[in-house]
């Protein structure tokens, strides 16, 4: 029965990957629904319309912020599954709960861009990022603990440490960013975007990997 | 022509899996569109905004409820396809009708969260869950009857019984949960969520599987 | 360079299949967005709410109609790709134009359910079905003409004839259904749904296939 | 560790392909949400309704325009991945930034169709197309520079040149199309659609490929 079991687990991995790609793809695209096109015949000159477009800037900002957030967590989730070979129902549900917080991100993003001057909206957004980080950490911890990855020996420890450290450092930076809202909300968002751009453009992990 | 036929059937399974993952991913994410961000300049303090956020609780509740529902039925559907090797047009359409009730869940969820104090909305929601369960049951029954699964002998009977019992017990619990609306709607929803958490967090079938 | 070319064509098939499954999955699920939940505090009794739900019947009807339409054309498209082995840019674009009419179906469906008593909305809906049928026919014709299928000899002719006849007969029935709107729109829709149920529940082609 | 690294990179390609297909599929389908069904009981004759439908023409036009745009860039992106064998985090993020501009296209399309007489909306739309082209160019440039493609020797140079030239010529034509808005916006859109139809219906690259 071992063959059958592996087959089941293997297919599950492909399915959870497909479902994840679907949820991420939709969340990435739904974000844009929050940016409403300025409607009406009130615009008389090109300048009027440009002003209306510019007034959407907070929404473009939070759109970009959330696109980066989703991109980073999708990359993290994908990276984990490049090592994970087996799965069980618990890992399946850890992925589903992770996707719960992915699918709610368009809401917290819209909440942030609608109430960008309130600290509460930074707190809610940060909670979402924190839940995504915690979900990713738990997912790896469970997969590693049960030996579901393709890693062994020293390599396992190296990757293990790298994955965990990466999440902890990122979450620490996000928490610092969120706390900056006590000075200014725009400072807070700018700091988080800089952290994210750093992860997107200069990823240290991949360089370490290549050695 | 046998090779060609198998090839056709095989590809169909991959395609119906891909379509299912797509429909589930979208249904999971569309649910959040029902949670409208409180809009306006009426919010003067952080407390005002927090109160507005808290007033969305029924919607978060039904969002969580439906996410669990979709997660459970997706897991069930995936599990069936980990055993199903062949397909025909009838099985294809049984899957499509199952997806019909998946795609309508965002409506019944929104109906429930908008009219959470009406028994009718519990009834409509339960009907949706019942249709999903019946669809899943029929799907397995047809696949098993026609020998489309990879199972044989004793193993086939064991899995067969486990799949059927699981659906029947779950549906019985959902029906009890729905009937609780004659006492209180919140009791009814809470009961259903507890049943779902039990299936998500402590799945008995996977433990039996591992033996 | 032959190896490279085949590789390219092969991957394209997988990608166009993935894109198609995505577009169909979204179109299937977007349809439900047209069914708006009755909102407000005007509902005092369960009966009031039930009446409001019942008044949505035309929308449920056109939702079901379009779900069947999409299911039938998805099955047809999938079936073609179970025989198609190679592709080129022209076939790629024939698929994309087919998807154009898939993605517009949620609009024609909403148009039909909003103006169910107008003959124009039947005409628009029928035009959409006709475009889907014509797209599917052209797609097969082009793939067969260029020898992109896995079929040869007698088998090729049999399948070829079956695929073409199926589309022509179905389109004839749809056209008759559309013309019935000169008697009554509901008769017209009912006729089309019966035709579709016949294709979904009793598919003749698959039986011929199995012989 | 080489095996592990290749495996990781390989899987990433499949995942980024799946995510891309998802984002494109959703963007293709979301476009239609911008075409609002004329609502109300104001329509007394079939002619009234037809007039209302005809007044949606600018929206159908920009819908068709954007469908073509997405189709062309999806085909380009797919074609690149038919040669790309390896990936790293930078290529991953180049794809993600490309998808950022895919996911924003429904917004720029809606902006164009709402303000079709403003030059600003042509400029915004063109900026989006330009960003897509630049993203595609960078993506290929990076993959080629790092030897991530399956191409070598003379073939590599031929494909390389063809891919780059194709993007540069197309972008030049789009820029000319955009500049035509100084004469007339409809001329500008018509020119861009003709360019796109040329790429969709008579693709020169595929013919060169087959030689």
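Note that the chains take the letters A, B, C and D in the order they are written out, and that residue 1 is the start of every chain.
Rule of thumb we're sticking to: a contact is a pair of C-beta atoms (placed from the backbone, for glycine too) under 8 Å apart; a residue touches a chain by one contact, two chains touch by 3 or more.
Not measured: the values here are computed from a predicted model.
Student: Give me the step distance from chain B to chain C, shortest route via touching chains only.
Tutor: Counted as steps through touching chains, the separation is 1.
Student: To test your reading of the model: what rotation angle superimposes chain A on chain D by C-alpha positions, in degrees to the nearest 5?
Tutor: 90
Student: Count the residue numbers both chain C and chain D use at their shared interface, divide by all numbers used there, and answer same if that is over half, different if under half.
Tutor: Copies use mostly different positions to touch.
Student: Using only Cα atoms to place each chain's centre, name the chain farthest from chain D.
Tutor: Computed centres place B farthest from chain D.
Student: Take the average of all CA coordinates in chain A, do the same for chain B, and state the distance between these two points in whole angstrom.
Tutor: Roughly 25 Å, centre to centre.
Student: Take the average of all CA coordinates in chain B, do the same for chain D, and state the distance between these two points in whole angstrom.
Tutor: Going by mean C-alpha positions, chain B sits 35 Å from chain D.
Student: Going by the touch rule set out above, which residues of chain A reach two or more other chains?
Tutor: Within chain A, the residues that touch at least two other chains are 18, 21-22, 25-26, 30, 33.
Student: Applying the document's contact rule, which stretches of chain A touch chain D when the two form their complex?
Tutor: Those residues of chain A that touch chain D are 17-18, 21-22, 24-26, 28-33, 35, 37-39, 43, 46, 49-50, 53, 63-64, 67, 71, 74-75, 78-79, 81-83, 150-151, 155, 200-201, 203, 205-206, 209-210.
Student: For chain D, which residues count as touching chain A in their complex?
Tutor: Spelled out, the residues of chain D in touch with chain A are 1, 4-5, 7-8, 11-12, 15, 18-19, 21-23, 25-27, 30, 33, 88-90, 92-93, 96, 99-100, 103-104, 106-107, 110-111, 114-115, 118-121, 124.
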